[in-house]
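Each of the two complexes below includes chain A, the first together with chain B, the second together with chain C.
Our next item is the complex of A and B:
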């Protein structure tokens, strides 16, 4: 009990000091970046680097850092000493005491503003805590479902009354929230949502009917953010079905849930179906506007993604510790595993991935913490895609180091591998997010380039000559200088080579985007394989920027082991540079590297027959 | 001079000779062989009439005395209890070898045996063909000099050998190593049967799997199963469901069901179901048929449920809902489209047709039976209850095709006369390719 209290007190203290700090940093930053600057990722599509956004790497003040560390220590202690991930995985549930402890640590209200009893953490601090929470995937998912999506709607779109009514209890963990969007027939397709809310005759209630599937915290939650179709009378008197978000309490009645789902990973998290049967929801509980649920859902989904970067990085750091120990102890042929090149390679990969995703995550968090609610949804999506794929790859490689023993249930690697697989799927599958990244950027670039492209299409001689001249100069190998390097450049000279690579990539990426828009126009939506490459390039570019920015800062500030950082940064930049060159050349028309036509043909033939159609190698015609 | 050149020259000569000899000798075999050596390729099936086929036609007029032929016939009649199967056929062929040590009259015997094969149900048995080839005496007909191979050596025997191969070809039997060995022994490498063999080897392997919609070789006898197969054959959508709306009341093996309760088998895909649900009830839909479908040598009849194409002014423009995808924009807000260079859409005039909602095969083609089908469809398509259904059934004139001989196809109106097997086989081939 006393330990509990101690935690509570520490949390409260941390929260208090945070408030002051946040207020301070906010005002400080407001002075620095008063003119609203353009989003970094969108500008990349035009072949420009918006330096102000990403250089220098965002920092936190010394006091704030101390506070974070003070806050992080007990949480870390709790996770390493008291949380038994293996038991949680085997029993398929998080023990009650563990949940209580998490509540007392204040982890259920990390981003809830302090006036409602939360910790009111900034995005950067939230990311820092995410590193530790992710040591147990089931707990991380439970907490994320509660606050990154479950109660996020109330913070983002709730009225004062709603916030005052619900947030305090949610922040303390007395109530748990769940986010109910997915339905059997509707994953990302909002138009096929079947749950319906009809206004009662006295216009005081909505009657909610329908079923939602795969709801994390579905059995445990008391407060649900539910999306349902409602009939809206339009301005021109036509009746339309639009989505509305509701805050639904379990006590409203008619809320039942199915049996817990048996999952591959994150087995300790509680996932089940939730059914609403004639649930009466008061009109006050409409979240945002009636018919405005689509925007609410989009905002919630877009806001939560960046934290996956730091969470995965935290997990990878732990993983590297576990794996290095095994590699150094295990002996084969009188040598330890760590002496073999093919094993060493795996550690370089893990370190590099961890470094890049950490840089991306904290850069994004820093951007989000700037005043004026900057729109960093593309950046957040990039962090999510990069970190989830990196996690899967690294865990798989780490398991490979363990060899056969990694495949056994006794080894934690097996559980981590299963847990990691969900990262590629939830919060928007990576395929969908790639479409989002590419299309949002292309929309931005397309608007700005409209005038130019229209002139080219109309056959304006000056513009054409200008473009041809530019292409000619490009093909003759011009050196690109976007002003990252040089005297007093944003990037430290140690990594200037890598910065030049980034500049070159960015410049030609801009050119390629222009060509793509010219070629496909708005029909580019249908060219998913092109879009995938655009997204991949952009993710690489963002990663390069993040590591360059971070490494430059580390050198200049003189952080410990910054030469190691330089190595990692240069390694990643070189790899990404060549990957980008390859993707860019694939995006050319008639590129021999581009196999899209063949790929489409093969898949078409297979899908038509719904089977593998090659004859067996042993078959004969006679 | 190489053999090839020599044989080319010889061919020219032969053609000249053929003209002369053909006039002189009745039924000269020359005309059959050299100029149309690649006859085996059935590319030109349409032009390939039964009179050009070698097989069932013995050399006319028979040059051997009728007595010899009758003797051979006797061999086939000797089977105990009149069983006609592979064993008795093989027995007959072996008896010929035993009775006739000098293999006298073997060509006539082989022609006869070829004609008998179908009766004995061995027309697809490679071993039997090899056995037949084995009847030829070995080494006798091999060309011994260049001159022999230039001028066809033992033309009558060579032609008979080709006839065996041709019948194999018609039944899709691929020759094997043993065949090759026999031919080598009998005719030698530089002979026309060998040429035919090589060509068969080449083209069979290329044409064997050329049909993207293969039909199983042995069709089911049960009409319901046959209908199921035919419907699956026509429906491209693999999620389509076959429903048996009515089983034939009496299921004897001849398949002639009680006319009051014929079988009704239908197929419908989920897309068709959805299209039917969207159909405007004010517009009628039609049951049309019967249309024919050939599955190998069987003809089955089907009916379709279809609607007319909507006039352009009534078509609903499919609009993309504003709030559709929660994750990424489904369309870009740009005012320029695809450039001409990347537009690979060819300008094709396409004939648009109205939607087909379902297909069925029934044992009878009258309105009462088809009405039962529509009733059955209503269970899964409630919308059908409100849509007027018009039966547009073609009379007897609408059906051009007669059931192939002796098959138990429940009779669609009067057959137009028996077509012989050869023709129906060719039609099957045409159908199969289309």
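Our next item is the complex of A and C:
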């Protein structure tokens, strides 16, 4: 080959890749090239606020906003006019015509890239549409199980061949997907699954055996993302059992369903057991790496979690409309309910929770839409915990406003309450997520602080003096300034007070994290009640950050009703501030507010006898 | 024969589900931040045009809207439903308030002649002003036959058969093309603009034209003096209902 020819070939190849890059950049979706950025929540554990991650509040371009609003119109119209949630709940299924309409609207492939027939929506757009789809919980769960987890694995970890083969039919809704991880003995403890995939003699396929339980779309789906244990030979030549993810087609044979589960809520969604008996899965259908299935599962779950925030906010906004209408019309003691303080309090709660949820969800979505692969798993988990618990609380309060009529099946409130309960359980129970939030952050902080803590333990004089000096300054009440307020501050002066509260909380949180790591070391993994408090503080901190960022932007841009936003933001920040102070004081050693020891004792005594052990109040000793 | 070309006029109005609030100074209703959408009767007109195109009786559908910049969204919805081209006759927001059927009809007539269309479709009336005049005036300016309140439209060669819903019942007319037809409620059930179609309409929308250069809306002859809620006549409606029962 002559030098000239070689030169021409290289030039041609370069030109081709240039063109490809230009074409890629021409589309207005995010381009992923840079290395992972340090997300926000982990730095809070070190008492630092990574301002550039969260200020200013993420914005979308006018064109994208117009497009989002154009999408919202037909979806909203469809859900208000043609979806009969009561009928879906009573009959326990979503009518076939409704599903077909959802498919034709394009809602089965919202995040599938355009080149595979989907809409290629960004996380922000997906969250926006989620606000409307949540008007019917059964439909929302069915769609989410299909695309947010069912087929997401193929988008995140699939090869080009797998994407090209499966995504188009999934995007159109011709095929439906399901996510198969949970087993009867493995729920939260996902790593302990027993389903097995054994490589065949000819190494051309795996034989899959096992049972999965509580699989949404289990009966309807044709494509399953299945997680099974495979024995792999490790780098040190030992044989280990590791989880591998597979794309399994129902047509592979051996796939059967159990009967539909009779659920408390989301009764329109189809949930059942899925059994795999000697199902042959070609090796080309391994998703990601063999043995890398756990990571695939976690990535899938982490990527969709944040959208719960916007979905719940959308539902709460509708709930506020319904409930205020009732409160203004219903009269007792010759006054409408809306005039009574206790009722007004409930509306303030609903509005506040909705505001915080929205802010957190869209802040996280904005972070995820940044180029690169930002790790926002903690932020997404926090959004999920806050919105699920906020939803349960607010729906309960809304039902209370309706009083007796709220309790009747005629009123949609009881259905909404039942539908909402699952939010705290699925997609990672709130207990597990709190542990995850706390431990991931503590691990990050621990790595950074290990060096310093070792110095302290060794008795290094300089480090001891530094730390003592810091503690002295802390106890003398030095003012904290992390750069949020002031002339070059990130927040608007109107919310400066709340920003100061946030800064104070963050600083003392950072100090407390250090103390905890020093006190417990590695055994902190077992201290769930400590971790719970750490997680609760962090969730509050993230919420405060989100509302301050959003309110600052709203004031600067001049959005409608930004004064109301300032009210809500300040209200939440004050409440969260005092909650955090209490939690922080409970985390002190020998804190009188801390009742963990007593709690442990009581529960041990009850669990021993598996019953309530007090003598009856009417008992006598003779 | 698929040589026919249709012009469909669409109007951006306050969404039917919105609770209307009168402005404090009583010069009109609150439109700022309020949800707007395509007039329902205009949706029916667009749907009819798209169905005729699907039956291969109409070759090209042009959607037209007169008004401020936001009318682009309405045109885009028409494109997403199946129209081929859109023309936005831009009217600054301040003047748009005074835009009435007479001005719009003049614009539509000029555009219909310029684009050499055979059929002009509109909704029978807009749900904000309830004028029910634009279609009729357009036919007048063009000196074309008109079939209003259509509940069924059938193209027959160079004629169009229109079944109209009138007070006395149903009236069937046969009009020679070109003609103006206004759509009534039972003409059809409009399709949803699916999200993939809306995405596809984006490039169509940017390729569409702005018609304001060729057509200048005339000065408004009418001026709105005030707007307010209906006066409470003190009739206890609920009670009278019970008495009837």
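Heads up, the rule we're going with is that the second predicted complex is superposed on the first by the 581 of 622 C-alpha atoms of A that agree within 3 Å, B and C clash if a C-alpha of one lies under 4 Å from a C-alpha of the other, contacts with A are read in each partner's own complex, and residues count from 1 in each chain.
One rule holds in what follows: a residue touches a chain if its C-beta (ideal position, glycine included) is under 8 Å from a C-beta of that chain, and two chains touch if they have at least 3 such contacts.
Small disclaimer: the values here were computed from a predicted structure and weren't measured.
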Partner chain(s) touched by A:332 [first = chain B, second = chain C, both, neither]: neither
Partner chain in contact with A:560 - chain B first, chain C second, else both or neither: second
Chain B versus chain C as contact partner of A:75, first or second or both or neither: second
Partner chain(s) touched by A:278 [first = chain B, second = chain C, both, neither]: neither
Partner chain in contact with A:604 - chain B first, chain C second, else both or neither: neither
Touched partner set for A:66, first chain B, second chain C, both or neither: second
Partner chain in contact with A:518 - chain B first, chain C second, else both or neither: first
Overlapping contact positions on chain A, where the chain C interface meets the chain B interface: none
Chain B-facing residues of chain A, complex: 181, 188-191, 242-243, 294, 297-298, 301, 428, 432-433, 435-436, 439-440, 442-443, 446-447, 450, 453-454, 457, 517-525, 589, 609-610, 615, 621-622
Of chain B, residues touching chain A in the complex: 174-176, 201, 204-205, 208-209, 238, 321, 323-339, 341-342
Interfacial residue positions of chain C with respect to chain A in the complex: 17, 32-33, 37, 73, 76-77, 80, 192-196, 198-199, 202
Sites on chain A touched by chain C in the complex: 66-67, 69-71, 73-75, 77-78, 80, 101, 104-107, 110, 114, 119, 560
